[in-house]
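A, B, C and D label the chains in the order they appear, each numbered from 1.
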Amino acid sequence: MKASNGRRGFALLWPGLSLVLVVLVVGAALLSRRVALAAPAQPIAFPHRLHANAGVPCLFCHPNAMRSPIAGLPSVQRCMGCHAYVERGNPEVKKIAQYWEEEKPIPWARVILEPDFVYFSHQPHLSAGLNCETCHGDVASMGTYQPVARMDMGWCLDCHLEQPQEDAARLTDCLTCHR
Amino acid sequence: MTPRLTRRDFIKVGAGTAVATGLGSAARKILLEPFVRPPEDVLPGQATWYASTCRQCAAGCGIIVRVINGRAKKIEGNPLHPLNRGKLCARGQAGLQVLYNPDRLRNAVRQTGGRGSRTFEPLYWDAALDLLTEKIGALSDPGRLAFLGGLMPDHLYRLASLFCDGLGAPPPVIFDLHSALEGRATADRLSKAFFGSDELPVYDLAHTEVVLSFGANFLETWMSPVAQSRNYGRLRQGPFGGRGLLVQIEPRLSATAASADEWIPVRPGTEAHVALALGRIIVEERLGHVGSHRSYAVLYQDVEVGDMAQASDVSVETLRRLARVFADADHAVAIPGGYLAGHRNGLAGMLAVQALNVLAAQVGREGGVFLSHPAPASALAQTARVDTFDRVGDLIARMRAGEVDVLMVHGANPIFELPAAAGFAEAVSHVPFVVSFNSFVDETAIQADLLLPDHSYLESWGYQVPAPGADRPVVSAQQPVVRPLYDTRATADVLLALASRLGGPAAAALPWVDEVAFLESSLGELVSSSLSAFPADTAGDFWAVWRRSGGWWSEKEIPREPEVTSVVETPLRVVEPTSEGDSGSYPFLLYPYPSVSLSDGRGANLPWLQETPDPMTTVSWGTWVELHPETARSLGVVDDDVVRVVSPFGSLEAPVVVYPGIRPDVVAIPIGQGHVDYGRFAERRGGNPLALVAPVTDPDSGAWAWAATRVRLEATGRRKALARLESLEGAGRESLR
Amino acid sequence: MPDVKASAERTPRWAMAVDLDRCTGCQACLVACHAENNVPVAGEKLAGYGRWMHWIIIDRYWEGEFPNVRARFMPVMCQQCGEAPCEPVCPVFATYHNPEGLNAQVYNRCIGTRFCGNACPYKVRTFNWFRPEFPEPLTEQLNPDVTVRSRGIMEKCTFCLQRIRAVEMEARAAGRRPADGEIQPACVQTCPPEALVFGDLNDPESRVSQLARSHRSFRLLDELGAEPAVIYLKGGETNV
Amino acid sequence: MSETLPTAEAQYDERVLLAKRKDSEINQAVLQPMMQTGRGFWGLVAALSAIVAWGVFAWGYLIYWGIGVTGKNRPVYWTLFITTFVFWIGISHAGTMISAVLRLLKADWRRPITRGAEAMTAFALMMAGLYPLIHLGRVWKFYWMIPYPNNRFMWPNFQSPLMWDLVAISTYLIGSTLYLYLALIPDMAMARDHTDGLRYRLYRMLALGWRGTEAEWHKLHRALGIFSVAIIPIFLSVHSIVSWDFAVTVQPRWHSTIFAPYFVVGAIYSGLAALATILVIVRRGMRLQEFLRSEHFDSLGKIVMVAGMFWTYFWFAGFLVEWYGNEPVIRELIRQEVSGRLAPLFYLQMTANLVPIVLLAFRRIRTTPAALLGATLLVNVGMYTERLLIVIGSLQRNDIPFNWGTYRTTWVEVSIVAMTFAGFVLLYTLFSRVVPYVPVWEIKEGRLRYTMRRIGRLLVPTAAEIE
């Protein structure tokens, strides 16, 4: 009698604990993914789609990708270069014009954000023959940019490990990205 | 005003990097603010290098500054610059902390509530200028205006003198401790007397075999340490054959002496006696291969080797050996150092040392003595010259006598740098209106009524004619590498604005609209110079090249040979050193020396330099007293025991460093600490040995004899651990294995 | 891009030569290092308790007694050992041997066991005892190419890795290999008497290789067999 | 407690006495002190908890500000934490050693003391296990040492002795805890059957429904047998590995081949001493005179003495080689110990380690609880000092005199060390009130070996072979 009670009390314990554990782990995993792939709100609802379809190349607005670690954002001047004449009625474009008149920079919200101990440079990746879509996804079909991959270390390594032997050694060295 | 404003147009790459987590972008919002109009010389994330000139000391080395996103990140030597060839010293490297110093004065203020009250009221520059104009305009006699300059850039000195001229005020008085410690004023006199030149001699260390350095710490702070260190490297292991010999003659083993092959601990103030003895021996024994002994015999007629050895505490054998070495070398040079100028027989002593070079026919000879080049353009000829202590004394007297109504101070800090006994602080109280242009609220600025901070040297324009110069004519360029962080204003512009407001002769003397216009006109002559390493036809080209390459200099080296004046026909005098305080009650001679990192104390507000260990004692962040092991034992003190050093003029307490490299009758204390006002890193730290020094001068040169004060020691029984790099247990023993 | 592969063929072995005969102990290297590598300032209290953060220090050794006393200087930075004692003891590979023979220290991997600090015979590793402080606006000076280390992390001289990488990237983009002397760590760049030389030991023609072959060359604590990549050149004597 | 215990012949009577007891009496004798908790007990618990709480605060303070709040510096990167870590690992050794080895040897006198010993092992290990965490400062980074699959292809470095530590210690902790628990099951059942209310529920849970069938007994003995064998190599490895944390570096004095056995022996020495100390105190505190008898202290004392002799031998062997090796740094270290700043510690170490060996040679001292207590306490003072000298003393010196260092401890370090000592005692005290301190079933089992037979006119106890 007692003994059986004992067995039941015991029988309920471990399954319960393990269940809680599983829930926690899975929940954390899902949550972190959501957080990583969420994009912040932008001051201007910039439609990449329209610009790409209009035949504007990426490097026209993000010109530094070839020569600097930072691809860079278009200066207000660059925006106005076209929008002084094009689509002036558009409410979003009006916002740009306003920044331009106020001589204020557009406070874009950063979407892709690496921790400050990661040293990434666009230049070598582009000269290695990658194109923007490889990492940033099909931007040409997006409005404001939505990240397509959580750009963590594993994601980088997936690609670096596939390189030819002599390069892979160099590219998988910690000091390639961490200093 | 605040850095935010200037930073606004720059992409904030670094923003929020303090919080680095693996989390995604939505976790926190970071703004990327693109340019409104992109400037052509800034590529976000890429470095731009700007060439300029270092102002951490008077040497005038060329620098290049790495600028990323509008922020200066690193200073390096300018590889093109003939003076330092891409090399830079610790103080030069630390320049960035002058620019980004948290204690900088950020805008024009007036000190309400009395001097030293530290209650500052911000002023608009116009208001400040009006106030100053009014004060100067109200002068009954322009002679009642005084301008005191410290380490001034040449262009500013010229402007200031023109300004004073135009007003009819006496020319600016220039004094800074660093120059006093390297004996610049005396060296000027010497050069004048000896070579009839206004330019300082250059000692060709790179190509010589034997160097006799008489109290010249040329690897630390003396004259142009970077250029000299570079040449020292070649003296040691250069492409020029054998390894040179360096003999250091001074009472304390300085870092320079540590690098020497031989250190001669001579009795303080008798370095020259050694020089005289050497000369006498060379002449007597007809040493060397120079047939000119007879003609120079007259120089040494009053010299008796035995007495010299006696006085200088150097054995006759050593003297004979040195004489032979010096005379036999094809290329040898004797350097009259700054420490000599610190004694009351300074000029005579340096004369005696320089005479050795003449005697050994090393003047104008490879590996010997050359002269710096004068400014290559007449407009630049008027370069900043430090004045002797006498002239500072006159100024103090005038102030005390109430003959000065407006005192303008730029870059000078006499209240810290001069001994209290000199009475500058007291004299200032007799001056109705004091203006300071210093970037920091130092001991002198705190006594000012109006503080009009100049830009830091990385934010300002200018030119500099290095003295001592390089192997060719050089004018070094100074340009802003970042836009000014704060609402400071170039003192040159302030003077120009004042002049135009005052009108009359002053305005006539300073016709330029602003500093840059003034520079362009001053540099005009150089535009079509044929010598130039970077030829330019138009003024525009020249200006571009000037800024790109960091200055103007001749393409090939042009050694300038000095010719010796008639001084060298009159017998050299033997002047015994005298010192303040009787040797009975003050048994030791005080040896204050410039710290390698803080130099004369102007570096004390830079954390990097404070943290930099002294090469010899490895101490940082403090003041210490160096005692010979014997002295320490007799006083019953060991390392880190606090002793009181007392002179007739003041006293100072500091921990002991038992120092094997110092004469038993000498006590050495580094200069640089002991600031009362100079920012959080400098204030209330260590002590200032100059408080002990007597305000006496060398009668011949009128220079301040800062090394001629006697002190006594008292143990306090207290201990204070110094921040040492070395372990006292290890006690600097050679690697055990 | 022409033969990028070529530059990958021979991996370099970065090394530094320190000519003790030229060194004047002027400390320029030390300050340059602070400026280049975001090395924090410890302050008097910590510095006095052996907690200073310098990546390069200049040991000073006394020889002899007054008046025939002499002092000698010896700059000591991370020796980038080939058989580094610090590497095998790190439980998380925060310090490890990189293909170019560099003794890597990965700050974001370090968990702060300080085992490497004990294992290092040269004691050149420093530890961030507290969160480093850079009073505003001194932060503006921080070098964006170098991680600002947080507390609880070991750090040490990296031979100015960021500069090596920058030049390598440039060279690779141009399809060449870095020229000898093109890469200059901050200390080497500034050293007034040119006592420091940096280069590739695997290139027999590089200056550092030539100096390594000099009769004056020796390695610090060589008998421990750590194969340091820092080559010291003995100070000479000029006798008369 | 100044009483001296009866002499050899009396011991025999004691056993007989115990042999005569009925089951119920034994149960009561064990359960009695367990059930009643007086004011003194709660006072002790309160005091200990206070110290632990303070220590936890200190740890929090350290986590908040960083390792800088300890006295560590360059080159003394390891200090009190590692020292105490080694100390606790050492303590943890004796428990399992004595119970496992003696169980294998079927040494009969082990029975009453096994549980106390095993408990000591478990708790000491828990205390030791805290230090690697505390020592990191940023404790949340600890999990990076655990080999878990991840998309970064990052694995810990199994070359590092710290990883060996991680593996060995966790294995040892799990092993010894299971070992303790296995032997506990029947007594839990016993307690279950004699209690009610909350305690009943607890024991019911812990007893895992033990009913005492033949099959269960059989399994239990099998399991215990296996564990006794398996645990021994583990406990040998653990302290060897701890010693290699030091020995694999090129740090002078650490870099030694004799370190592993030296540490193991030292561990056994300090561990057994600690066990004796604890037994003396518990015996008094829980009035278990009947079970913890002079024979136990006598034989324990002997083992401690022997271990001490071994320790001395290894210490001397190491010291002699160092001395003749005459390495400059080692020479400096020896100078420091013999006449320098380390001298007080050094002489304390020597006296505190050597004197007990002499004392324990006397049976009278071995069997006088007070004296035994003193002697064994002395041993642990000595062993702690020894570790201080090894860890901190050595680190102050290295091959480059310019880099020599000093060390001043801080309140944070001391508090945290105190926390683990208090924590250990606290756990042990509570433990003694929750589970039967004396393994009742083993006693009964042992008692079966003494049955009274009537030979002629007198009763003669005879020993029967069981198991």
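As a working rule, a contact is a pair of C-beta atoms (placed from the backbone, for glycine too) under 8 Å apart; a residue touches a chain by one contact, two chains touch by 3 or more.
Predicted model, so just to flag it, every value in this text is computed and none were measured.
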{"item": "Far-end chain from subunit D, centres as C-alpha averages", "value": "B"}
{"item": "Per-chain Cα centre nearest the global Cα centre, belonging to chain", "value": "C"}
{"item": "Chain pair with more C-beta contacts, A-B versus B-C", "value": "B-C"}
{"item": "Length of the line joining the C-alpha centres of subunit B and subunit C, rounded to whole Å", "value": "31"}
{"item": "Centroid distance [mean C-alpha coordinates] between subunit D and subunit A, Å", "value": "54"}
{"item": "Centre-to-centre distance between subunit D and subunit B (centres being mean Cα positions), rounded to whole Å", "value": "67"}
{"item": "Residue list for subunit C, restricted to those that touch at least two other chains", "value": "50, 59-61, 93, 96, 109, 148, 221"}
{"item": "Touching two or more other chains - residue numbers and ranges from subunit B", "value": "13, 17, 45, 725-727, 732-735, 737"}
{"item": "For subunit D, residues contacting two or more additional chains", "value": "399-400, 402-403, 405-406"}
{"item": "Subunit B residues touching subunit D - in the complex, by the definition given at the top", "value": "725-727, 729-737"}
{"item": "Interfacial residue positions of subunit B with respect to subunit C in the complex", "value": "3, 13-14, 17, 45, 68, 71-77, 84, 86-94, 96-97, 99-102, 219-220, 225-226, 229-230, 232-233, 236-237, 242-246, 253, 255-256, 258-259, 261, 263, 265, 321, 325, 485, 596-597, 607-613, 615-616, 618, 620-622, 628-629, 660-662, 664, 680, 685, 721-727, 732-735, 737"}
{"item": "Subunit B-touching residues of subunit A, taken from the complex the two chains share", "value": "35-40, 64, 67-70, 72-78, 99-100, 103-113, 115-117, 147, 150, 152"}
{"item": "Residues on subunit D engaged by subunit C in the complex (per definition of touch)", "value": "65-68, 72-78, 135-138, 141-142, 144-145, 154-157, 159-163, 166, 245, 248-251, 254, 395, 398-400, 402-403, 405-406, 408"}
{"item": "Subunit A residues touching subunit C - in the complex, by the definition given at the top", "value": "115-117, 119, 121, 123-124, 127, 166-167, 169-170, 173-176, 178-179"}
